[in-house]
Structure formats: C-alpha cells, structure tokens
Amino acid sequence: MRKENGMTATQPTAGPGAEASEQPGVAGSPKGGRKAGGDTRETLYFALRNPKVLIGAVVVVAFLLLGLIGPAFLKYAPMDYAGPPMAPPSADFPFGTTTFGQDVFAQFVAGLRSTFLVGLLGGGVAAVIGMTIGFVAGYRGGLIDELLNMLTNVVLVIPGFVVLIIINAYLGVRSVPMQALYIGIFSWPWVARAVRSQTLSLRSRDFIDLARLSGVGVGTILRREVAPNMYSYLFMTFVLLFGGSILTAASLDFIGLGPTNAMSLGLMMNQAVQWSALHLGLWWWFIPPGLGITLIVGSLYIMNVGLDEVFNPKLREM
Amino acid sequence: MALAVNDLKVWYRTLRGDVKALDGVTFEVADGEIMGIAGESGCGKTTLGKALIRLDTRMKHVGGTVVLDDDELPLADDAAMRRYRYREVSLIPQYAMSAMNPTRKIGRMIRDLLAAHNVRYAEVLPELERRLKLVGLETDVLKRYPIELSGGMKQRVVLVLSTLLNPSLLIGDEVTSALDVSSQKAVARALVEFRDHGFVKSMIVITHDISVLFQVADTILVMYAGHLAEKAPAKTIINAPLHPYTKMLIGALPKVGDRYEEQQLEGIEGRPPSLLEPPAGCRFRDRCPLVHDKCAEAPPFREVAEGHHVACWAVS
Amino acid sequence: MRGYLARKTLVYGLTFVVAVTLNWLIPRLMPGDPVQRMVARAAVQHPETIASMTDYYERTFGLDLPIWQQYLNYWAALFRGDLGTSVWLFPAPVSEVVLAAVPYTLGIMIPAILLSFVVGNSVGAMAARSRWLDNVALPVGYLITAMPYMWLAILLAWGFGVALGWFPVAGGYDFGLVPQWTWSFALDLLQHWVLPFLSLFLVALGGWAIGMRNLIIYELESDYSNYLAALGAPKRLIRQYAFRNAMLPQITGLALQLGTILGGALVTEIVFAYPGLGKLVLSAIQNQDFFLLQGTLLFVVIGVLVANFVIDIVYVLVDPRTRTGLTGATA
C-alpha cells in the first residue's frame, strides 16, 4: 500500500515557474532504493561522465567565482557614478552604464554575491526545517506525525510569496541574510513531505528493525541508517531549494521589498524598469541580471536531472 | 515438446562490460510439465524467466534459440515477440502486488488488454468469472480497484488474468514470496489446478523458496552462476541429488518457508564468481568440496539417468 | 471519501485561520505606533484629511482595547467584508479598490494557467516519447522554468513592445480611452492583455512540460507498465495508462503551484503596469498604504485557498484511491 501512494505523496513533479515551491524533478519512489554507502566512488564516476551534471556545475561554479573574486578587479563600486550615463558596453564598462552612469558590471558582480548568499542561506534554512520535520514525522509516526503533517499542509497551502510581501513591507528587511531566513521559513513544506514519505519507506526495511532491536538510539539510527540512504535525495532537494530561493528573492527585490543595504540582481531589474531602461533601449542594463539568474537556476535544474540519472541507475540507460 | 531452449545466452550490458547472467543453457520442458528453477539470487534464474517473454532494455540476446511448440521465438525482436506474448507465453511477475494499474478498475484493465489482442471482453467474461470463482474470488473484484484487494487476492487475480488466453507456457517468478503461508498454499494449489484443467500447457516456476517447488513442481532445474547444474524430477532432486551444489542447497534448507539465500550456505565458503569475467571451467569449483584438475574444463550437462541431467565431472 | 473531504476541510479551515491571524499579527509587530507612522507617511499626500484618518485608524486598530478584543474585531470586520479604507485612494474602501482590480488579474491568470497546463502536459508527454524532442524540450523547458517571471516580461515588453512596436507595453487599456462596451475598446483591451498573458503562460509552460515528462518516464518504468508490456500490450495502451496516472500528481501540482503562479502574475503586472492586483500591491507599498496592501493580500490568500479546495475536490473525482479512503492527495 505504501508503494502505491508513494508517488502522490512525494510530489515528484517539477511544477511551473516555481519560486517558493519548486519540487524535485525526481520521483522519490522507494522502489529506486539505493544501496547504503559503499558506492561513493561509483557515483562519482558516473557523475563526472554525465554531461548534464558537468555543464550545470561548470556554469554555476563560473558565476560563483565571478561573484567571489570579481570585486577585486573592479575599478568602481556598484553605486558609484563612475562614467558617462547610458553608455553601451565598452572596454571600460563591459556591461555599459545606467542612466546615472553607474557601472552595470560592478552591480552585476555584487548582485551575484547576494544571489548566491540568498540561495545558500534560504535553501539551507528550508532544507534544515523540512528535513527535520519530515524525518521526525516519518520516523516517530503517531500523533507527532499527525501534528507535523497538519503543520506542513497548512504552510504548504498558504501562498508564501504573499506572506513574504507582508513581512517585508511591515517589518522592513534590511539585509540579505534576513531575507533568506524568511524565504526559507516559507519554502520547506514539500521537502518535509518528500522526506517523510522516504523515511516511511526506509523505516519499514529490515535493517532499521535490526538496528532498533539492537537497542541503538533513534538519533543514531537516523544518522547511520536512514540518512545515508537519502543523501542523494537530500542533495538534489537542496539544489532545488537553492534555485527556488534565488527566484523568490529576485521577485521580492523587484517589487522593491529587497534588502536596502546591498545590490542584488532583482534590484537591478527593479531600477532598470523604474528608470525606463526599456524605453531608452538600455538593454545592457536589464538583460544581464535576468540572464544571470536564468543561467544559474537553469543550470542547477539541469544538473539535478543529471544527478537523478547518476543516483538512480534505472535512468542511466535513458 | 512444449519448450526447447538450446544454448541460450542473454547478457546484461553495463558500463563496466557485459554481465554474462545466462551463459549457454540447454533444457526442455515437456507438455504438462511444471518445472521449478532454484538457485541463489544472481544465478540467472530471473534472467531466464525474463528472456523467455520480454528482454528489458539492458538485456541482449547473444546466442542460442528458444523453440515453443515448433515455433522459434524471436527473442531479440521486441515487436515480433508481441505476437507470442500472452497468447503463447505468459507471465506472473515478481511484483504481482503492484502489477495492476492502480487507477483502473480491474475489469476495465482486462478489457483494455484483451482489446489490444483483438479479443472481445464479453466473449471471455463467462470463462473469466468461472476461473475467478475457481481460485476463490467473487466476480465483483472486476468492479474494484487493485488497492481494494488484499495481497493474496491480487496474486490470484494476476494468475487468472495471466492465463486467460490459455498460454502454452506460463512463467511464474517468485509467485508466492510476498504472501503469508496460507495464501502461499492456496496459490500453489491454484497453479497445479490450472495446469490440470489445461489452462496452461506447461509452467516454469522460479523461486527462492524451495519448499514451494516441493508442492508444485514435477521437475526441478538447479542453476549456478549463469550455468545449469542439475535437472531431475523433484523427488530425485530432494532425495538423491547428484551435483555437489544441489546437495548443499538441499542440505542448507533448514525448514519449510525459510529462504536459504539470506544466510550463508552451510559449509560452502565464498560466493559465486563475478559474471563480468567468469572463470573458464566449472563455475562452482572454488566452493566445491570435490574439486579436481578436470574441473578447469566446463563439464557438459549430460543425462545420467532417465530425465536426470547433471553438469559435474565427479558424477559418473 | 467522506474522511478525505473532512480532512481537507479541516486543513483549509486551519490554514485560513492561520493566514488571517498572520495578516493581523504582523502589522502589530511593527516597531512604534503604527497609526502615527501610517498617518505621518500618508500626510504628505492628503494633508486635509489627517484628522479624520487618525481618528479612523485609531478606531480600526482599536489599540486601546485588550488584544483579544482587537483580534475578534478584526474577524468581525472581515466577515462584514470590511477591509478598511485606502490611504492612497482615500476615502475609497479597500474592498472596492480590490474588486476593481481582480478581473484584470484573473483575466491573465486563468487563461495562462489552463493553457499552460494543457499545452505543457501535452508537450511533456510527447517529449517522453521522442529522444529528439526530449533533447530539445528538456533544456529549453528548464531554462524557461528558471527564468524570473519579471525578466521574461521585461524581454517581451522590450522585444514585442518597444523594439517591434506590435503591442502596447503599459496599462490595461489605452489611457486616452474610456472603458465602454464597444468593439474598439475590447480590441484595445485585448492588445494590452497579450504580452502579460504570454509572459505568464510561457514560464508556467516549461514547468508543466518537464513535470509531465519526468512523471511519464517513471510511470513507464513502473510495475504495471512492465506487466502490460510482458503481456503484449501495445505501446499505445501503456502510454495511455502512464499519461493518465501521471496527470494525477500534475493536478495536485497545479494546486500547489497556484501561489507561485500568482506571485508571478503580481510581478508580471508590475512590469506591464497592468491594472490588476500586482499593480495594486506595488502602489500600496510605494504609498505606504498598509490597509490596501493587507486587504489585497488577504483577498489573494483567500482566492488561493478556495482554488486549492476546488482542485482537491476535482482530484477526488479523478483518483479512485482517494474515494476508497486509503490515501490523500495534497493534504
């Protein structure tokens, strides 16, 4: 019976657009069970030979490096009125300048940093909350499961983006980490559900019973027996949360509810639209930030498909 | 002669090379015979079962022939095999519990499947209902969804469904392993009954659980590491096995219902050889107490008595 | 089945209470005296109404009352349909302002959702069938899904609006026209509708296509598919079953994605200055009109909950497993 509803409960679809509630493009079908540990080298072997994983990783790492070491080579700060206004891309200003003569490239590089920070923190917070609730609910069962399940369902149906707008508008979110924290708080439910159903299916396997009979503590069982079976799944989940947080943050920044003390890619688009970059034809102002986000998030998604093929041998032949 | 398999080789393609899961097997199944296949997991018994009806995407037919009722089966040609599936060769899969579409009523699914074979549901319905009753099911299971049935019920529905067109050969893979003991007995009885009624001409029953074979099989085929070890009438295999591996298999069988593969075979050191690069000669020789020089050469699978085949140099 | 519906109703009821409570609570977590802050911010625009506004807000917030009474009053007002009075459009009631904007948002959202769902699922099903299409559709689908809604909107506005001049890029209708029931006005309305709709449609499309493709591949790997194939069923029948079963999680996904698509609609409207709820949210934020903001968002939340509930009921009709009470869908 568990098998049959594993599909529905895991939500394997990668639904549309998916700011706050992207779902993994994997069916966490318990049937695709993986061997516990021992084949890390094999996994790596396949990962390094999977073009989807490779291309995705290269793009993401390239942008990450640009964000990390880029600022060291910049002549201007993001908000400096550095050059002539509305200048198209040139040697001095590779991405041109804004209507005020700010260096778009400098803004882009600074924006990349916020983007990765939001992805990492927001995805991290959501992953921790979702996995904890999912593990506990699936492992403990009973009343605790009922309550956590109810909580998950409530947060799942509330449109998180709307609540984020309210929070940011009233409480004023000043920093990127705060923004990431709030995003994380509203994007964990699908993770909890997926992890819960995975835990349920793993819990019923023999090795867990064996561990339990031998009198080992719950934490140890989770860490030693359940988690290793789910590492691949959890990793892919984090990848999707990372991308989802970035998209949500970009939307908030675009409405003007982003952090006030940092540059971000969403904020760049906000300013470009606000200062009529469209009508003035300043394409170099609004194309890079959106393209950056699209490439980073898109690469993550494609990487995820590749990882699915790596972790799930059934798909390798496809 | 219902089924004649001659030097059949079916390998799995993997990135590390071909796994020679089925490496030249030759045997026959007579009309009306229920043949059991036994062996540790990975010995090739499931591969053999699959090969006879449908190769999965990783399997390739490397050599040998399968002749069913004087017709050679086009194993490697998936489209050409379609003509034989269900009408000539049918299957009760390992996963019978989840073999039926969860979102279709059982009757509707059978109707769809029959339509695909140009058989009218209405014409078959009386027989279908008769057989359901025969295995102890109400006919209203046809109006239900699989999820509404218990495991034993699903197993019996699959048995009826799989044999509805009276196939010449039925392959049952782990037919009873997911069931409790009483359901196991009922299903085993039903298998024999179906053969006796002539719903299926002959059967191949693959299982981990040798005690099931005692109940249903006329003959038992023992496999080891992609090769055949021994084939004989069930009584002979139990009472007077010749191959050292069969002896251990029988000796290692503690009691009814236990699965021998979950524990180390008694007194047998080591594991079966890798089938990626299997060693030449007898594949059991690393674990065999009777090993001698001759075993470096593969022993032929020869008939030592009426209906009793063995592949071992130590047997004369 | 009754158990399933009872459970659903409980979850949605609870969610509604939580959402309304959050909406009531968060403003009260704002540092300082909210009335003073609001009036101070609004004062610039309507100096003449300060007195009446201060009076009004004090009354509405009822900050002198015990906290539980404030909370109950909030619920009472909500059930009367009273969402307060807009500061920005003083003295228009928020509910009126919101209701005037709703048709625009629904006008782009509903067609975009339905069309993207139908087209996306078809494309996904086709991609699962053909390696060639899969190799094209998959990366394109993922890139489209990864696009921020507003960026695609910006690109469309720039390309088809500014550069090519095919479509207008701002407003719900031409500023020179007066809304009326004429063909020319309808045509103008339609022209303004095209780009926001297209933008929303495209981003959602990629997600459905990918979801369907992945689900079908898993369904085709499933036991019942293998069994059917072993029994000689033609590929057509197997695919038909797989598609049908893959639709179920997609329908659940539709419910779960509503909030996200709605967020997309909000930012898309902002790019095109389309006079729907998104524009309202932006104006409310820019004008510090918290009543309008809260009212709009509360309306949105209720809309999403109702739509979710409807989808869940539809789900009961298509998935037999919920009818037999053995499993649940969204909740």
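The chains carry the letters A, B and C, assigned in the order they are written, with residues numbered from 1 in each.
Operating definition for what follows: a residue touches a chain if its C-beta (ideal position, glycine included) is under 8 Å from a C-beta of that chain, and two chains touch if they have at least 3 such contacts.
This is a predicted model, so every value here is computed, not measured.
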Centre-most chain, if every chain is reduced to its averaged C-alpha atoms: A
Chain pair, most C-beta pairs within the contact cut-off: A-C
Rounded Å distance between chain A and chain B, as computed from the means of their C-alpha atoms: 47
Gap in Å, rounded to a whole number, between the CA centres of chain C and chain B: 54
Centroid spacing, where centroids are CA-atom means, of chain A and chain C in whole angstrom: 21
Chain C, residues touching no fewer than two other chains: 245, 248, 319, 321, 326
Where chain A touches two or more other chains, by residue: 1, 4
Residues within chain B bordering two or more other chains: 98, 102, 147
Chain C partner contacts - residues on chain B that touch it in the complex: 53-54, 56, 81-87, 90-91, 93, 95, 98-105, 112-113, 116-117, 145, 147-148, 158, 162
Residues of chain C defined as touching chain A within the complex: 11-12, 14-15, 18-19, 22-23, 26-27, 29-30, 116, 120, 138-139, 142-143, 145-152, 154-155, 157-158, 161-163, 169, 203-208, 210-212, 214-215, 217-218, 221, 245, 248-250, 252-264, 266-267, 270-271, 281-282, 285-286, 290, 293-294, 297, 300-301, 304-305, 308, 319, 321, 326-331
Contact set on chain C toward chain B in their complex: 222-224, 226-234, 237, 241, 244-245, 248, 319-321, 324, 326
Chain C contact footprint on chain A (complex, rising order): 1, 4-5, 7-9, 11-21, 23, 25-27, 29, 150, 153-154, 156-163, 165-167, 169-171, 190, 243, 247-248, 250-251, 254-257, 266, 269, 272-273, 278-279, 281, 283, 286-287, 289-291, 293-298, 300-302, 305, 314-315, 318
